[in-house]
Structures are given as structure tokens and as C-alpha cells.
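Next, two complexes with chain A in common: one pairs it with chain B, the other with chain C.
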Partner chain A sequence: MSESTVAAAFDVYRYDPAHDAKPRYQRYTLNLSPHTPVLTALLRIRAEVDPSLALRYSCRSAICGSCAMQINSKSRLACETHIGPEMARHGRIVVEPMRNQPVLRDLVVDQAPFWRQYDRIEPHLRLDPAHPMPEGRPTPMTPEEVDRFKETPRCIACAACFSACPAVEADPEFPGPMALAKLYRFVVDPRDRAHQDRLVRIQPNGLWLCLRCHLCTEACPKDVRPSERIRDLKEMAIAVQGATENGSRHAVGFKENISERGVLNEMRLVRQTYGTVGLVGQLGQGLKIVRKKPEVARKPHPIEGVDELEKIYAALDPEPKEGP
Partner chain B sequence: MRRHEVVVVGAGLAGQRAALAAVEAGREVAIVSKLHPLRSHSGAAQGGINAAVGAEDSVDTHIYDTVKGSDYLGDQDAIEFFCREAGPTVVEMEHFGTIFSRAPDGSLARRAFGGAGFPRTIYAADRTGLALLQGLWERLGTERFTLYQEWDVTDVVVRDGRVQGLLALDRRRGEFEEIAAKAVVLATGPAGRIYGRTTNAHSCTGDGLAVAYSAGAFLKDMEFVQFHPTALLETSILITEGARGEGGYLRNASGDRFMAKYAPHVLELASRDVVSRAIVTEVQEGRGFSGPYGGYVHLELMHLGQEKVESRLQEICDYCRHFAGIDPVTQPIPVYPAQHYMMGGVGTNSRGETNLPGLYSAGEAACVSIHGANRLGGNSLLETLVFGKQAGVAAAEYAATAPAPAMHATDLEEGTAAFRAWSSRTDGEDPSAIRNEMQQTMDRYVGIYRNEADLLEGLKRIRVLKQRYAKVRVVDQSRVFNLNLIDAIETGHMLDLAEVIVVGAYARTESRGAHYRTDYPKRDDAKWMRHTLAKRTPEGPNLSYAPVGYTRWEPKERVY
Partner chain C sequence: MRLAYYPGCVAQTSGKELDLATRYVCRTLGIELVEFPTFSCCGSGFVDEANEVLNVAINARNLAIAEKAGLDLLTICSTCQGMLTLANLRLGDPAVRARVDAALKPLGIEYRGSTRVKHLLRVLTEDVGLDAVRAKVRRPLAGLKVGAFYGCHLLRPADEMAWEDGEEPHAFEDLLAAVGASPVYYRGRVLCCGFPIQFVKAGTASRIAGRQIQDAKAHGADAMATPCPLCHISLDAYQNQAEKAVGAALDMPVFHLPQVLGLAFGATPEELGLSRHLVPVGPALAKVGSGTATGPSSAKTA
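Here is the complex of A and B:
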């Protein structure tokens, strides 16, 4: 195996609330082969240079979800991000704790906000106690039904999506991409008996706060594609309830917005949803997003997958369909 | 002081299942886990879980395969119970929410695993462990219990001949606390990090075994350590048997498919121990490749073609690309065996009971024993659930009538005195240096091939490391998430266990299952068909032996 090395410069966020007035960045330089994962480098720093560096890690193989952090400003798993490409692109490797969760120390964040949202979606099968499994079938699930679960069970609860999500940042009530993807997993489960209830209850302060920016899908190391699952949930929610929630109106606005411009302008969408007066109340959120994530307002992003949009139109257009 | 009826230590599959059983039995339950439950190492299991559910398969063949796989060191009564529980356990997990892969007719899909007479390994794509962990956590979430998340248990307190509770460190606050309990279930999982080359996660440091051993429990059959033949060279990340099952070749540096020499009929598909030994022999005799991470051989998938490799061996492709920078479609994969599973553990019966009243254990931390000298793939996930439940039921029964626990005011003070000493030292050694040397020692002297001289050398070195450890120093003075302190605690645990492994391996003058002595290459049933029990004394482990549970399966030579 070839063993050329690169001199990798790490700028690591250090902060111990008990001792430090404010966070600082500490520089460590190590000679490493380019395919060394950032986690391996951090563990070498701990073993050889500075045992006081705090971080979470366990499996070192992208399956336990412990080691998500900001690496050169992107939410990534440290154990599967290689130093070579990072050095080539950025000339150094800035390592910081995840966002949207308070820092406990160095790279360790308090994940309580993330788990609270996970709990909120009632992450367990709600079965009919008299008939826990669908009746009249030899097996609880057909292969086709199992196919619905391609992506969501891959989730390792790493919270990279939660860290990347501007809607979470703007509104702590927003469940966040992981919890919504998890909700999807129960809504499509043929054994679950609470599909409608789940879809109704997730709407206030929930589903419709998603901005469809796809940053979660971009951040997800397991290809769960949360923004696509959220899109599916929105479709199903409309089908169940019709356009009654503000959110569904948001979807109507969304449709007009798209048909006009083919792109999504978040600020305009907020106005269409709540009216100019209602906007004042919601503006808080919009403004917060714009302040913290200027790119959301500045450049409307093209939307991938036009067919998906067609489906939303179909769901919106004539009469709302019956729920599943 | 915190107080609970049943405290389960560990929230992997075994711990969660035990907690669920104890809650269902009406007890008040707490779980203490150093990781968030969903980050437990159970989530890393890819292959699957065994259950004889197909029409052509039978519970009896599952029993026979397990007894034979164990090289006749497994307790046959426990194995019979275990295999009978398999079907109902899998169905129960499905009801809890686990989504298994299905065959076209809608029945549970099954794949073939080494050492099994039929394809009986039920799976959820290539992430069975994660699917089980998610399903069980979702189910457990509907019950009431207390979760101490990111707390490390450092001691089991035993007084008046029974368990009174625990001491544990809350990582987040950096405080040690007492948790009084009527019954304690240790389900702390693997101990693979005693070795440098291991497929196990960093958290797999055998804490539960070490605290049980310190408290006076027996450790059973610790010398039986399973090595997986194909781990990625540098990181020892597991490359599953599937790679060979789909037709992968193993080649040495001269390009020979060397398995032809060691297993002429089945070649690469020989059992794990045979393939592991073959790879080590090739490398030791100079026919392997060499590089900065030591000797290795090649696992080749290139001849299978891009289509097959990418569709059938997707996760292996991902692992190679992400963690080794290698594309298995066009490049050979450098592999070498790595520690994979501990057959030994806290000695229990099939109710999870140890020799200490009030102390229970289950999962990879425990040794019932159903794996004997060699575990079959797919049996350990099943073990966590079957015996996790039993341990939870037994602990709940015991706690229902046990007297209130009696922790003393001095327990905490005494149990944590050493930790304070480490932090106030001005000289002394960092735990990571000691840990690294322990790992190298175990890789080199207590690995796949063992002999008297190596084992004695290994023991000598481990004892020197224990002396050095007496002067370990923790430099990090912060309380919050002090990993330096946790490293020091875990290193101490692993040194104790390393000593037990070497002493047991030295005493066992035969070869059986995963324990291979070049100076005693034959199995010796007359003398050694018995379990090793290690008890802690100030001088080191004291060994005694116990008979193997026998029902109806006569020992035969183990050939595949």
C-alpha cells in the first residue's frame, strides 16, 4: 500500500464552560496518510499530544452515530471523513461541535434537544391490542411493504441532519429531519394503527416548518434522505386532512411559487402562507432564518425531481382524497 | 443516594431485553449505560440472527450445529433451551417493530452462515443489529424506567454475601454516585479492545466482566477468544463472511489461493478458525504481503465483476471505500485476522444467575455457556435476547423478595479513592501508553496460535503493565466528559481481564475451538472437557474447573 503522507493542520474547537471564558481554537499538526479518518487523527491527538480533548466516538465504522461534528463547516461523521480531500480543498481542517445543540465541552454537545424531538413523534408501533398483526395474512408484512422501508431504518441517530437544519435553528419546536424521517417509518408501517392520528398531530409546529432546503439530505451519512421523507409526509398529510392547516396553505403557496418561478423563495412563501398581516407573526422565523442562514433567502434553490412536485399538485388539486 | 429495585448495566440488546423483562414482571427498573442505548455495539452486527423457522430446518439441527460448533464445550441443556426459544424470539422482535428482510413469499428471508446445516440466519438487509436495537428500544420506550445515560459503572458493591448496588461516574457532570439496588444485571457487552486488532468498537472494554470479577464473581472460559479471518488491515473493520460466500478468493503474495493447502475441499469457505490460522501461517512463513501495518493477505473480489460486487456486497464496498480508500471492484482488499468475539464472560447459568446472590449477567458479557469453545455466527444476537430476557426475569423475581439494599456511607469514598489519586499525581504514565502495550502484547503472545513460551512471556508483560498501571496519571483536570479518566478506568479493567485470559490459556494444555496450542494440537476430552472458572485473589486469578452440561450429544471430532 502506498504510504505518502500529508501534513494535516487541525484547528480544533476547545471549550470547557467550567474553566474557559470563551471558546478557542487549538492548532495541532500531524503527518498522516490522506485516507486517515478525522476521528483517527483526533484519537491520535488524544493519545499522543493532548489527553484532555473531549469528543464522542465508539464504533469507528459509521454505525453508532456518536461522532458527528462540523468538519470544515459541514456536519459530518468524523470516522468517515478523510483528511486528504479536506486538506486539498480547505488547506486545513477546522473541527467544531455540532450546531443546534448546546456545547457541553469541546466537541461534545448536549443532545437533549435532538432526543426530545425523537420522543415527540412517539417512536413506537401503535398496534391494535386485540390484533397486533394485520389479520388474514400468513405473514405480518409482504416484501413490497418491506420495500417502503428502504431508507429510514438506515438512520443511526447521529444528528448530523439536525445540526445542518435551518428550520431547527429558527424554531426549536420544529421536530427536525431525523424525527420526521422516523415518523415516516411508522406512517408507512402496515402494522401501525395510528397513521391518521400521527399525520394530524405532526402538523402544528411540525411538518410544515420544513423549508425544503435539502441540507439534511446533503448532511446525512446514511442516505436516509430525510427531506424526501418529509415531502412524502406532506403529501400524505394533505391527503388525510385537506388544506386546513396553515401548513397546507403553505403547500398551496408552494405550488404557485414553483409554477411561476420553478424555484423556491422562502420569504415569499411565508408571506403567501400567512398573509401580509399574519406574516408579522411568522416573520420572526423567516428573519431568524435569513439572519442565520443568509443563503436560504438570497439564492432560491432549484428543486430536484419535478415528478415529485407533480404528485404534490395532484394531491392538492381537486378534492382532498380519503386518508390511507 | 439513588435507589432502584433492579438496575441493568448496559443498554445493548441484552441489557434492553433484561430491562423489559424486569419491567414486565412489575419491578421498578433503571438502566445505566455509558453510551446512548442506540449507540451500543449491538448495532454494528450486520449478518443476522439464527432461528430454525423454515420447514426443512429443525430445532434439533440448530442444537446439533451449536453443540458441534462449540467443540463440545457448550452446555447442552442451555443450548437446547436456547435453540427452542429462537423462533418465538424472532417473532417477538418483529412484533416489537423490527423490520426483517422477506423472501418473495412473504416469509422471513434467511441466509447461510458458517457452521450451520441450513440457511437459518434471519436478517434485516446488512444491518440486522441496528434493526433489532431500534425495534427493541422503540418497544422499551413505551414502558416506565429510569435511564442513566452516559454513566460508567465502576464497581459492584457486595456486602453480607449479596449485591447492594453500584458506583458509577456520570460523564456529563463528572461526579461519581452510589446507586443502591436489590438486583444488578451486567449486560456490558464485548471486551475486544483488550486486543489491538479487533473488530469491536472502542467502547468494548469488558467493564462488566472486570467489575464482576473484582466483586468476587467467577469469570468463565476466558481463554476462548474468537478471531475473524478477514478484517480490514489498518482499522480491523470487519469484512463479513459474505465476501467469501459470494466467491471471493484469498491470495498470498505469490498469487496462490493458499486455502487449497489448508482446506482442499471447501477452500475459502472453511470455518473461521481454520481460515484465520491459515492466514497467520502464510504471513508468519513469509508468504504474505508486508507493510507499515504488518503482514497481510489479499481478499479478491475483482473476478466477480462490478455488477455482482456492487449489488451483492454493497456494504463491503462502502467499508473498503470509506475506511481503506480501496475499490474492491478493481483492487484486492488487504486483510488480516482480528479479535471478534469473547466466548468467555461472567459465569452464569441459563437464568443469568452468577455465584453472587443479586448479581446477574447476559449477552456477550456473560458466559452461560452456549458458545463453548467457538461461537457460530448468528448465535450471539440470539443469545442477547434469549438470555437477556431470562436474566431480567430472574433478577425481578429475586428483587421482589430481597431485603432493602444496604450501601454504606463509606462505599463511595473508598470506591473512588484511587481515581482521585490518579488526578492529583504530578508524575506517572498516561493510560493510553499502557493500553497500547497491553494490546500489542495480547496480539503478539495470546493470539490465534499459542504455545507455552509465548503465553509465559505474555503473562510476564501483562504483570509488568499492571505494575506500571499502579502509577497511572490523569492529567485532564476537568470534570465534564473527562475521557482521560475513563481511559484510565477502562485500561485497568482490561488489564485484569488480559491476565485471566493468559492464565487460562496457559493452563489449558489442549486445542479446542478457538483456543489453539501448537504444543498441544489435539482436543483432550478426558482431561479438558470442562469449563475454566477464574476467581480473583490478591496474587492473581485462581483457576478451578466445572463440568460441561450434557444431554444427548456425544463428542465427535469437529470436521466440516
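Here is the complex of A and C:
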């Protein structure tokens, strides 16, 4: 092994549901430059060692979004993940298919769950009749209007975020980061006439299931920052519909809760989110907790200077206007 | 070392044991905690969802309190750490800055932006240092396998938190090893505890918590430890719900970060509030010979 190469050990997930009872990991060791992308290494394995290895790829330049997979448990594009840092950190490179999508073979997954959620947000302009698309060319937008998209147009639909998302993993109803970042792109598009409708329809079993764990933002190869756009959508959703879902009631309830004493009144928050009737359903668990932690049931002392908070709220959080 | 102590809401109420353990550990290590009865809640991520600029302003007020006293601010909650750090960053946007300043100025509050926000885990590993921690160990936690559970907002977004790798951190494991415990590495250690949607869809939240606990258990953990009292609520206070969601017994003791250190420094279970947990920590204490002041494991509240 020359100085400029590293003995890279790949443990590659292998599974063909038609023939294998269960998945296995196959070890391949290659001497490679530390700058070698994982995709390049996998293609060499396929060309020189094992032609049966199945993987999906195309452009090799982080443009097409085809080669997302798990590399040492992180959802990444194989074409832009270099082997040097992975070997340095882990001493080996475990390559597995993306999560949250069923495996077809080896590293190739069935992306149907991902695209189903994309379809759910109606990823096309619903045009404003007052501003029809001129024949033959799109409606021009000002640079300021384009800026409102933030980084969302960069998305290449690689599904790395969908693979990394623990909410998708636990609940197949959650649309996932990519679909919601796309939704944001249509909600802020001045040519779209369905902003409010989109924000209303995405809330049940949708928007409010985001955990704001930011794993999507770590996984995204294009810095779309889906978790931050999901936050923006939540604030916009409250603005158009008020607090109508558990999630929005909790967010608005929390905001009001701490304005009263400056610190959280835990029991009151449960009532704000669930209502007095819904509170009954929480009593069993609540009593178990109160037995060990009696402070939960007590009103907290207000902070000193709670009047300052009131004034900050008055300046930045005016009462919503009545009616639609 | 003197720090502005920002306990956050939970450590003052349901998570009082975290406050007790933090004070014990800081006393032992010679960290002076300066208290401010004027600190408000950080908004816990929920106020941020409802009104981002308001959330920044609330936290700018908190940061200004520490700035006026010339102190760095110590957090003991991943979410407090995240929200206060984000406030510092969002104030870099001139439009946000102008609105926040306009709200604070009439109150005589001016925040110049100099307060550094540091979680206890970071203070211990960076400022105190592992050698100084090691020097205080009277009862090494030898043989205790502990799964660190980080809590999202301490780490991510990693470019904004500007500390550890967002998916492959090691500070907590380093600290556990320094007090003699054996850190357990498992995928779930950097995932979510489910807490943010406990009130949105409880079943999904509990399934998420249950999976992370199962993952730690499958990798051999005798106990888990977390730097975040919100994770603690999900993993400990709601562990019975997590068991239902994943259809398996878990019986996983979950420590707050400073409780683990406190044990190694020789604190009694009472001094660390260990009897306040819903899942008994007795089996983990027995492994390190700390006695079972919290009662036998059969006393579990289910």
C-alpha cells in the first residue's frame, strides 16, 4: 500500500428478497486514495470484484440525487462522501440502503413511500386566475419574490432526508422533510392561488408531526434546511387557521402559558392542549408522575420582571384579528 | 469559574432532581452558579413555532441579563441550549434585530450580543476538562454500561450549534468514560426522544422513545443518561407508555447527566433525587455498589 492510499474496508448490505432468507453484510477491501467517493469504490467493486452488487446511481456529481444510501448510518449521497474521513472515524465503511423505504435488492430501495408523500402536497402551481401564465413563458418574478423560496429550489429529491427522519420511521403518515420543504416552496410562491388551502390541508397527520430534530438538515446534500422551512410553515399555518390541531394548540398554548408567569405552568399547558375534557384522558399518567414529582401540580412562582415579558408580547405578538 | 445559571423550567419543577444534581456537581468542581430570578422560559421550541421573532426577543432578554452581569450562561437542557443559541444567531439578521431592539429598548434592555451560551456537558468537557473531572471521582462507575442520549438541540443544526458533529458526537461518551463507566454506542443516541410530539400524537412519540431505549438495551446498556430534562420526561416518566408502544418490557433506568457524575463523586442517591424517577434506578446502582435507596426494582410504577 503506497502512502497515498488507504486500505478501505467496506461492509456492504446484501439482500435479494427473491433468494435470501435474510440480509447479510459482505466485506470488500480495496486500496484507494482517501479522496475516493464511496460511489466510485462501489462501482469498482461491481466492475472488478462482484458484478452482482445492485445500486442506483447516475450523474456521479451530486446533481441527479440517485445514489443516496446510508454510509456508516448517515444518510448521504455516495458520490460526494469520501472514504478518508469515514475510515478515520470508523475504521470501516458500512454501506446500507436508505431507511424508511423497502429494499428491492442490495442498495436499491422502492421509493414509492417517498413519492406518495410528495404527491400528497400537490407539487405543481395552482395558478391565480388574476395572473394567468402568459402564452409560452412563465410569469416573471421579482428577485425579492425568488428570495422567499430560500434554499428550497435546490432540492434534488434524493430522499436522504426521508431516510434520516425518525418521524417517518415511527409514523408512515408523516409527509417527511422533502415533501414539506417542497410545500413551503409553493406556499411562498406569489403565483400560487392555494396558499391557505395548502396550509390547512397539511396539518392533520402532517406538519405537526415534525420532531424538529434537524436530522434532515444534517442529511441534505444541498443545504435545503427542511427543518427550518417546516418551522416557517407552522407559523404560517397558525396565522391562517389559528390553533386548531393538537400541535398548533400546544404551540400557541405554550406561548400564552409562559407570558403569564414567565415560566411554564405544566398542568395548565396540558389543559390548554387537550381542553378540560381531553385532560381526563391524561389523568392516569399524570397521577403516576405527580406521585413522584408533586411540583408538577403546583403553580410556579412568577419570575421577577414578568411585566417586561408582557410588554415584549404586546410589541411583537399582537392579538389576532377576529373573523376570517 | 462563575456562570449565570439558567436552570430552565423543568429543572425547577418536575425535574427538580436535575437541579439538585447540577448543584452537587458544580459545588464539587468549584463552579459558582450565579442565580437570576428574572430569567424566563426559553420557549422550549414551541414559542418558536408560534412566533419566531417573539421567541428571539424573549431569549434576547435572558441573554441581556447574563451580559449585564458579565457572565457566560450555563444551560442544563438541550432545548434551552438550542433556543438561546439560535436567538444569538437570529439576531444577526438585521430585520430581526431591528424588531427585537424596538421591543426591548423601551424596557431599558439592551443586548449587545456577547453572551456565550454553554451547556453543562460542554463546560465539563471543554472548560473544566476531563482530567479535573477524573480527579474528583471517589467511586468509579466500573462495570456500568451507560448509553448516552444527547437530545437533538444540543447538537443540531450542527453548523449553528458549532460544537460536535451533528450525528457522530463523542463528548458525552468521553465524560462517561472519565468517571469509569463504559459508554455504549448505538444509533439511537443522536435521534429524537419523541417529546416534541408527546402532545400531538402520543402513540408516535412513545414509539420513538421506545425504539431508542430498545436500541440502547440491545447494545448492552444497563442505564441511559441524558443532558436534557425533556428527553428525561420521554425516556423515564413516559417509559411505561413507550413499553406499550413497542410491546416490550424496557426497565431502563435513565439518569440525568449530572446524576451520573454525582454518583461517581460519592453523592448519596438522596442528594441526587434518584427516588423521583419513575423507573427505579436501583438495578444500576447495585452494579456500582451505591445501594438501593430508591427501593427494590419490583416497586416500579407501571
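To be clear about the criterion, the second predicted complex is superposed on the first by the 238 of 324 C-alpha atoms of A that agree within 3 Å, B and C clash if a C-alpha of one lies under 4 Å from a C-alpha of the other, contacts with A are read in each partner's own complex, and residues count from 1 in each chain.
The criterion applied here is as follows: a residue touches a chain if its C-beta (ideal position, glycine included) is under 8 Å from a C-beta of that chain, and two chains touch if they have at least 3 such contacts.
Remember, predicted model here, so these are calculated numbers, not experimental data.
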item: Partner chain in contact with A:58 - chain B first, chain C second, else both or neither; value: first
item: Touched partner set for A:66, first chain B, second chain C, both or neither; value: first
item: Which of chain B and chain C A:31 touches, first, second, both or neither; value: neither
item: Touched partner set for A:142, first chain B, second chain C, both or neither; value: first
item: Touched partner set for A:4, first chain B, second chain C, both or neither; value: neither
item: Touching partner for A:82 - first (chain B), second (chain C), both, neither; value: first
item: Chain B versus chain C as contact partner of A:213, first or second or both or neither; value: second
item: Residues on chain A lying within both footprints (that of chain B and that of chain C); value: none
item: Contact footprint of chain A on chain C as seen in their complex; value: 9-10, 12-16, 37-41, 43-54, 57-58, 61, 99-100, 102-104, 106-107, 109, 152-153, 156-158, 166-168, 187, 190-192, 194, 196-197, 199-201, 204, 207-208, 211, 237-238, 240-241, 275-278, 301
item: Contact footprint of chain A on chain B as seen in their complex; value: 35-36, 38-41, 43-44, 94-97, 99-104, 106-108, 124-125, 127, 130-131, 134, 138-139, 141-142, 172, 201-203, 233, 235, 237, 291-292, 319, 322-325, 334, 430, 432-433, 436, 474-484, 487
item: Footprint of chain B on chain A - complex, ascending; value: 1, 3, 16-19, 34-35, 37, 40, 46-47, 51-55, 57-66, 80, 82, 104-106, 108, 110-111, 115, 119, 123-125, 127, 132-133, 137-143, 146, 149, 153-154, 156-157, 189
item: For the chain A and chain C complex, residues of the former touching the latter; value: 72-74, 89, 166-167, 169-171, 174, 205, 208-215, 217-218, 225, 227-228, 231-232, 234-235, 238, 245-248, 250-252, 254-255, 258, 262-264, 266, 270, 273-274, 285, 288-289, 291-293, 295-296, 298, 300, 303-306, 308-309, 311-313, 315-317
